[in-house]
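See the structures that follow.
Each of the two complexes below includes chain A, the first together with chain B, the second together with chain C.
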Partner chain A sequence: MSWAEKVLQIDRRWIFLAIAIAVTIPFFLPLGLPVVITPPVQSLYDAVDELEPNAAPLLLSIDYAPATLPELEPMSMAILRHCFAKDVNVVVMTLHPAGYGLAERAVLNAAEEYDAVYGEDFAFLGFQPGVSAVILGMGINIRNVFPADAYGAPVDDLPVLQGVRNYDDIPLVISLAGWSAAEAWVYYAHQPYRQTVGAGVTAVMATDFYPYLDAGQLVGLLGGMRGAAEYEGLIQRPDQGVRGMDSQSVIHLLIIVLIAIGNAAYFISRRKKTP
Partner chain B sequence: MTFIWTTIGALLTLSIYSFLYKDNPFYKFAEHLVVGVSAGYYLVIYYFNYIHPNVFSPVFLLEIGGEPIGFGSFLWWMALIPGLLGVLLYARFFPKIAWVGRWALGIYVGGYAGLGLSPVMQARVIEQLRANALSIAGVEDPFAAMTNLALAVGIFAAMIYLLIAKRNLGAKNPLAKVGVLVVSAVVAYGGWLVLSLISSAGVVSLTNILLVIGLLGTLSYFFFSMKHKGILGGLARVGIVFLMVGFGASFGYTVMSRISLLIGRVGFLIDWVGQIRGIFGA
Partner chain C sequence: MMRRQIPLALCFIFGVFMTIQYFIPHHTIADMQERVLMWLQTLLAFAFLLGTVSLIKLHYHKIRNRADDRGYSFVALTGLVTMMALGFFHPQHNLPGSPFSLMFLNVQVPIEATMFSLLAFYIASAAFRAFRARTLEATLLLVAACIVMLGRVPIGDMIHEGIPQATRWILEVPNLASKRGVMIGVGLGMMATSLKIILGIERAWMGGGD
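Coming up: the complex of A and B.
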């Protein structure tokens, strides 16, 4: 049996082991590879950065579940930190039933870091089922959809939502989603109401969102852990995103090498078989 | 207390990853736990956020959001009727009356189609079409953009016309010859436009040109009503190249996405080990 045939018949568990080692090593020996800022991330950062302090709030829809936490939670933390650092008011909600606890955890942790006050600097509206109906309903009046916040306090009692009736009073909506919720914000908030929408999505979804970005339907886009790392770089607060990028780079290199070896072995073994 | 939950999470994570070696009871346990906990969690969340406030509370407790409503009032009926339609969906479990569930399903599908048709059509078709009406000069010039769009549509229409004419009328038919002339003229016009812009303005958006070529090529690839020969075949081959580039980008992003999940779990396990070392002072 030639080396090429041996390679093609290798037990795939060796590859799993190699991947595990390649992911783990950069945690102990950080490479410190630079994270270059891409235009979609810069656009979203600029859109948040241009919001006026202590004025109309940013609506952050944290629409992810635990399955996509490693990619999307760094984004939510980075955006919330950016807002609180600039005294931009934030209203957080979720369209995913499993997103309630994750959204609450993210906003409360970020608020604690910056001594943001609940009700004045931020609010958490909780979960509301019925994606399209919720987004469309908020375009008429937020109170129709969320009469009270997640803790039962009437929305009218929250200073951060005083004077906020619908999308006319919200300068920017950002959806962080591991499913089609971000698309729903484009369909039902941007199209009918011309609401400015930004998105942060998992890397596997990112290519589907570039057409919306190029068409101006999204103001900016964060794609996967790399998008989060770039945003962390822009706010100069490296965290989980930047921490994972060294592992990402090593793994991508390893996979490229494996693909090259696999292809070389395949073609060599095929050539030997054909007389 | 947090450490205990973290430890449980870490052990369940290791149980799930143990499947990579081979199937085992630890993996089975963790898998069933995830499914069971998820089902219970979603049931509770949907009941208290959906069924209770929108159906149970108004119909049986006669209140909406803490405000009292009258029995038999408009709001009461508006809560009861959708609730009954929801119950009808379960009729499919009884073969004799399964057809009743189609009423509810019909209203459900019709309602969402009505809600979504206009915005989705606009977002995915109209806006995307507009976004492809690009100026190849790379400037915000509506006239240039429309010219470009007309050029693109012209090439496509003429190409299809030519192929249909050749197939149905024969290559020597006068109409087919007209088709060849139209295609030649449009292609020549496009070439002249590109060359003039390169030479005079000196600023040509290569991205926009590539985008339009890619769009036409990809559309041609998915045009299955005719054999992929001649111009259509050439364009389809160009389309394959663009599709492969797109699939490659998707694959790269997919790898990044899956590895991100692994990185998240590995980071979690490393933090857990750090907590253990902290507790035992290692």
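Coming up: the complex of A and C.
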């Protein structure tokens, strides 16, 4: 058996070990790689940055489940920190049943950092089933869909939602999703109501959203952990996203090296077999 | 006969109404749409109930019939009953720090995140074994994938400034064009299928293999 054939038959557990080491080491020995800002992230940042303080709230739909948490939670924290630092009011909700606990954790943690007051600076509406029905219904009257917040307080009692009836009173909606919820916001909030919508999605999903971005149906886009890292850079508050970029850099490089070795070994072994 | 005709009639009426309401900007239509959307939300809430009942039935039968993998069914039902009990009977179930919330954040979140994280290992292994430049198309895909992988991480910026530029070009030109084509095709297909369902030509959604 030639060396190329041996390489091709390597036990996959060695690859798993290499990946585990590549992921782990940068967390202990950060590389501190600089993150360059891309236009879709800058656009979303600008849209949030232009919101008026203590005025109409930003609606943040935290539509992710635990599976996509590592990529999307850094985004929600960065956006919430940006809002609270600028005194922009925020209303948080979720379209995913498993998103309830994650949305609540994100908004309460960010609010605690900035001493934001529940009801006045932010509110958490919780979860409602029926993605399209919820988004369309909110375009008519938010109270039809969310008569009370997640803790049972009537929406009318929350100062942050005073005077907010539907999308006419919400300057920006951002959906952070690991599934098709972000697209649903484009279909059912932007198209019928002309609501300004931004999105944050996982890296594998990001390519699906370029048509919406190019058509102006999305005001900005955060793609994967890189998007979160860029946003953290813009608000000058590096955290999970920037930390994760070192690991992701090493992993991507390792996968490319593995592909190159795999191909080299494949073609060498094939040439040797050919008489 | 009525069991099939009533659902078909309801499907036709609501399908046509929800289609034409987009084109009639009148308050009467808007009020009706508001009402229909509220009904829809109520109906969708029952889907959760249906799912829960179905899950319980499935696992109950596995345990009762002493299936080989009944241990997993027992774990699934225990988890379901525990979380439901904490959700329904704990007085502060919807507050942060409640047992329901703690169970979710400390059990379900790590389990799901771990399952998804395993993908990194399998993708790396699969890329090593299967990602071969056997044909021109496969080579193009491989080169594009490598450029995008490098261009989406900071190390790509450091290797060469052209890598992130090439990544942006790939995402904004060929990717955009192909995605648009696929989306238009899917959109037309969805319209055709919706029309077939509204008009009662496609009836598979009612079950029974008609």
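A few points about this structure:
The rule is simple: the second predicted complex is superposed on the first by the 275 of 275 C-alpha atoms of A that agree within 3 Å, B and C clash if a C-alpha of one lies under 4 Å from a C-alpha of the other, contacts with A are read in each partner's own complex, and residues count from 1 in each chain.
Convention: a residue touches a chain if its C-beta (ideal position, glycine included) is under 8 Å from a C-beta of that chain, and two chains touch if they have at least 3 such contacts.
Remember, predicted model here, so these are calculated numbers, not experimental data.
In the superposed pair of complexes, A:224 makes contact with chain B and with chain C alike. After overlaying the two complexes on the shared chain, residue contacts for A:136 are found with chain B and with chain C alike.
Judged by the touch definition given at the top, the superposed model places A:89 against neither chain B nor chain C. In the superposition on chain A, contact of A:147 is made with chain B only, not with chain C.
Looking at the shared chain after the overlay, A:16 reaches both chain B and chain C. Of the two partner chains placed around the shared chain by superposition, chain C is the only one that A:263 touches, whereas chain B remains out of contact. In the superposition on chain A, A:108 makes contact with chain C only, while chain B stays out of contact range. By the touch criterion defined above, A:76 lies against neither chain B nor chain C after alignment on the C-alpha atoms of chain A. After overlaying the two complexes on the shared chain, residue contacts for A:214 are found with chain B and with chain C alike. A count of residues in chain A touched by chain B and by chain C gives the higher number to C. Chain A residues 16, 19-20, 23, 67-70, 97-98, 128-130, 133, 136, 192, 203, 206-207, 211, 214, 223-224, 226, 248, 251-252, 255 lie at the interface with chain B in one structure and with chain C in the other. If you check the complex, the residues on chain A that touch chain C are 8, 12, 15-16, 18-20, 23, 33-36, 38, 65-70, 97-98, 101-102, 104-105, 108, 126, 128-130, 133-134, 136-137, 140-141, 144-145, 150-152, 192, 203, 206-208, 210-211, 214, 223-224, 226, 229, 245-246, 248-256, 258-259, 261-263, 266. If you check the complex, the residues on chain A that touch chain B are 13, 16, 19-20, 23-24, 27, 67-71, 97-98, 100, 127-130, 132-133, 136, 147-148, 183, 186-188, 190-192, 202-207, 211-212, 214-217, 223-226, 240, 243-244, 247-248, 251-252, 255. Residues 22, 30, 33-34, 37-38, 40-41, 43-45, 47-48, 94-96, 101, 104-105, 108-113, 115-117, 120-121, 123-125, 127-129, 131-133, 142, 146, 149-150, 152-158, 164, 168, 171-172, 175-176, 179-180, 183 of chain C are the ones that touch chain A when the two sit in their complex. Remark: chain B residues 20-21, 38, 41-42, 45-46, 49-50, 65, 112, 115-116, 118-120, 122-123, 127-128, 130-131, 246, 249-250, 252-267, 270 touch chain A in the complex.
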